[in-house]
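So, here come the structures, one by one.
Same chain, two partners: chain A is paired with chain B first, then with chain C.
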Partner chain A sequence: MNLSLPPILVLLVFPGGLFLIASGLIYQWADRKLVARFQNRIGPRFIQPLADTLKLLAKEEITPVGVHKGLFFALPVIALAAALTAGLYVPLSGFRPAASFRGDLIIALYALSVLTLTMGLAGANTISRFSLVGATRTLTQLFSYEAPFLLSLLGPAIAAGTWQISEINTYAGQNLWLIIAQPIGFLVALIGLMGKLELPPFDAPEAETEIVAGAMTEYSGRGFALFRLGKDVELIIGLTLVSAFYLGGLGNPLEFVLKTLALLLVLALLQTAFARLRIDQTVGLWWRAGALLAVVQLIAIVLGRNLGTIF
Partner chain B sequence: MTADTNKFVIPIGPQHPALKEPANFEFWVDGEIVTGASVRLGYVHRGIEKGAEARTWTQNLYLMERICGICSHVHATAYTLGVEKLAGVEVPPRANAIRQLMAELERIHSHMLWLGVAAHEGGFDTLFMYSWRDRETVMDLLEKISGNKVHYSANLLGGVKFDITPELAAEVHKGLDFLEERNRFYLKVVTTDETFIGRTRDIGTMTTEKAEFLGAIGPTARASGVARDIRVDAPYLTYDQFPVKVMTHTSGDLHGRFIVRIHETFESIRVIREILDHIPQGDLTTRVPRRIPAGEAVSRVEAPRGELLYFIASNGSEKPERVKVRTPSLCNWSTVLSLAIGLKLADMPMLLSGIDPCFSCNDRSIRLKRGQQDPQVWSWEKLRQYGIEYYR
Partner chain C sequence: MVQQTLNSSWQNVLTKVTAWARINSPWAIHFNSGSCNGCDIQILATLTPRYDVERFGIKLQGSPRHADVLICTGPVTMQARDALLRTYEQMPEPKFVIAVGSCGLSGGVFHGCYNIVGGINELLPVDVFVPGCPPRPEGIIYGVAVLLEALKAGKRPEPIQWSGGGLDGVLHSGSGLEDHHG
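Up next is the complex of A and B:
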């Protein structure tokens, strides 16, 4: 579906900006509610994420001793900005992306990595010991899931013959669902998304029983609210990307809601089923299994294409 | 161990999400590897032992029950056993059987609580929520018997307050069936879940020799193959009539501690059923004099965390001369500190909770062992002067 709106609206209200943040909060609620129900808890009310955010925004922001003040204030803004920028290139709510050009897949993924990077920097910026360990773990985890996740999204890109998200989306909508054609790639993408979002069992960077809140320990008030919003936006972008690529594309809002929620259901189930992995186990899992699987899938795709042209 | 200023120290506590009660642990890390550990206890010292000297023998029963919120019955039992020994009173067998029944129900409740806490420390919140939901069953049973969920207050000096009627027995049987089924499921989870095994197997492995050397007790020692259990070694109450089997495991790691505790839960369920079916008839109480004859007594019972020891001295008056309590958590700290070295930081919360620590239990006295020049070592005169000036 196509939508023509003035660029300023596209950027600030729909589908970027406010709409993206609002849907991020709603998806955060859906995730928390699903996990809570799987764990036999009641879970939060739908207004809870918004209430949390407003409360944090209204709170006093404490600047701890020993931080670089400029970085301390700038990093949350950069984090949210990076996440919102990535949102411009993905087919949110089934409409055409707000911006599109050749190779925007790389830009979108890069913007999402910037979010994680800023969180790592924010942790390393303070002198809190929990934050430092959290920052180390965040960056370690970044290096472990990033390559397999990228490779798993390159599979559909190679199949579609383009690195433009909107065109891959169209290709996925017209052909057999890629989850059937590239099941290994889907698996790696799904687990990679969990690693990227630091969801359990990959939540070692913010393991509360060890390092309190990890890199975010020293943040309170506005900065923390912005980081959390960035995370929520990352969640919805990740869900959009994976469902657009592997679940037959996103053509209209209904398709978008159904497919991303189905994916979120699977994510929530996976979050509740395991104990937290140690950071060394996470790295081991990704480089031994994740990267290998992604490469195998990539080789299979390349072979399939080349053999297809020969015969 | 002395503090080294060049080390990167991760403090856990006194306020930390991993701890439900205050204590201070310092882990010196090199990256993620722990190179040293120290513990500082005493944040919840309440002066209970001193308080006991100002109360009568009966009042102390309620005070002792409040040493621990999880194993309240076993503290009261150890205290009454000691007092009854001093008074030379023979308690009716039915009362003893009911005490044993309560103690075993309490063990189930304590072990299921621990299972949830330990799973939570390892980031397995689903198991935490499930086990605590099912723990409600045993707490409801305790409430049905005694009217209270936490401090059942079943003991009296010389007997128990509550009888087990046939209707109650039927309800307990029903609850036990459910608990047994659920614990089978949990045993399956902790022995088959790959991520859980990854976090527990070969973590904090303690050999039998080391467990003996460090003086480990309770399920922590039994998971290392030390077959030591007061219920079997020195039967009290009706444990000779309704014996339990000592559950041991040879692995000595965290995984073994999970297995031992779940097996102990099964054993408790079995012995409760046996007591319910063959409970002796008779009175519930016998008369205990108000003044306890002078003398000293030591009573030992097996709390859910290990051996609990009470030393009681009487001078023949209405109040005890001295009550000394040694709780099991205190004996196991050295195992945590010595096993921590070489492990990952991420293993620390699970290792800590692996001994099932109970801080308010063990915080009753502090002894600072430092050099003579240390400003923390005060003479009596100096301490007294400080006290006078503080309130001036």
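Up next is the complex of A and C:
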């Protein structure tokens, strides 16, 4: 589906800005509610993420001793901006991406990595030992999941013969669902998304039982709210990317809601089912199993394409 | 807090929105300043799926920087005094304190010991006292509800004055909860 809006609306209302933030909050609620139901709880109310965000925005912001002030205030803004930028390149709610060019898959993925990078920097900026450990773990995890996640998204890109997200989306919509054609790639992409979002089996970077709140320990008020919003936006963009590539493309808003929510259901189930991995276990899992599986999938795709042309 | 630069109707709306958000999202941090762990076990029980305080938006936070409500248990020992004050100072405004258990109210059975500063309110401005040894999880949730009701009315809860004179004074100054002495 196509939708033409004036650029200022595209940036501020739909699909950037307001829409992205609002849907991020809704998906955060859906995630928390699903986890609560899996744990036999009732779970938060629908307005909960909004109340959390507004409260944090209205709270006092403490600048801890020993931080670089400019970085301390700029990093949350950069984090949210990077996440919102990535939103312009993905087919949100089934419409064509607001901006699109050859190779925007790489841009979208690296805009999402900037969010993690700023969180690492924010942790390293303070002199709190918990923040420092959290920052180290955040960056270690970034280096472990990033390559397998990228490789797993390259599978559909190679199959479609393009690195443009909107074209891969169209390709996925016209062919057999790639979750059937490339099951290993889907598995790696799904687990990679959980690593990217630091969801429970991979939440060593913010392990509250060990290192208080990881890299975010010293942030209060506005900065923390912006980082949380960035995380929510990252959640919805990640879900959109994986469901557009592997679950048969996103052609209209209904398809978008159904497919991303189905994916979120699986994510919530995995979050509930597994306990936290140590950071060395996370790295080991990614480089021993994740990267290997993604490479096997890539080789299979390349072989399949070449053999197909020979015979 | 919001500065008085907007005109008053917008100011009112802003105040209402922030108050609403604050009431609906009280994040808590738990501090044990020398408790026997009875109250701490009850606080943990409050956070289990059986009572599910996430329904009200209550979340246990590890970092004092993220918390709105400081839930204290136990008498304040000389050793824990500085840590308690530092934890309180690290919390951003607006912040509230709930003292849980008889010891938090007055020192309880440790009242008058040589190594005890006293109850929590010797050090910090306590907003709500939850009596009991230990209080039941329902009691702790009720304590938070009392705090939130007071916020809804736009004020802090009335501080409870205790004029000293033994434990009896404490037991009668609670928030109307049935005391749960073993």
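By definition in this document, the second predicted complex is superposed on the first by the 311 of 311 C-alpha atoms of A that agree within 3 Å, B and C clash if a C-alpha of one lies under 4 Å from a C-alpha of the other, contacts with A are read in each partner's own complex, and residues count from 1 in each chain.
The rule is short, and it goes like this: contacts are C-beta pairs under 8 Å (C-beta built on N, C-alpha and C of every residue); 3 or more make two chains touch, one makes a residue touch a chain.
Remember, predicted model here, so these are calculated numbers, not experimental data.
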> Touching A:Ile47 in the superposition: chain B (first), chain C (second), both, neither?
Replying inline: second
>> Looking at A:Gln39, would you say it contacts chain B, chain C, both, or neither? Reply first, second, both or neither.
In response: both
> Once the shared chain is lined up, is A:Ala204 touching chain B (first), chain C (second), both, or neither of them?
Replying inline: first
>> With both complexes superposed on chain A, which partner does A:Thr272 reach: first (chain B), second (chain C), both or neither?
In response: first
>> Touch test for A:Asp280: chain B only (first), chain C only (second), both, or neither?
In response: first
> Who does A:Val133 touch here: chain B (first), chain C (second), both, or neither?
Replying inline: first
> In the superposed arrangement, does A:Gly221 touch chain B (first), chain C (second), both or neither?
Replying inline: second
> With the two structures laid over each other on chain A, which partner does A:Val212 touch: chain B (first), chain C (second), both, or neither?
Replying inline: both
> Can A:Glu167 be said to touch chain B (first), chain C (second), both, or neither?
Replying inline: neither
> Both chain B and chain C touch chain A; at which residues?
Replying inline: 39-41, 130, 208-209, 212
> Taking the complex as given, what residues does chain C use to touch chain A?
Replying inline: 2, 17-18, 20-22, 24-25, 27, 49, 52, 54-55, 57, 61-63, 65-66, 68, 90, 92-94
> Touching chain B in the complex: which residues of chain A?
Replying inline: 38-41, 129-130, 133, 136, 200-201, 203-204, 207-212, 272-281
>> For the complex, give me every residue of chain A touching chain C.
In response: 32, 36, 39-45, 47-48, 50-55, 58-62, 130, 208-209, 212-213, 216-221, 224
> How about chain B: which of its residues touch chain A in the complex?
Replying inline: 8-11, 16-18, 29, 31-32, 119-127, 129-130, 133, 193, 195-196, 198-199, 344-349
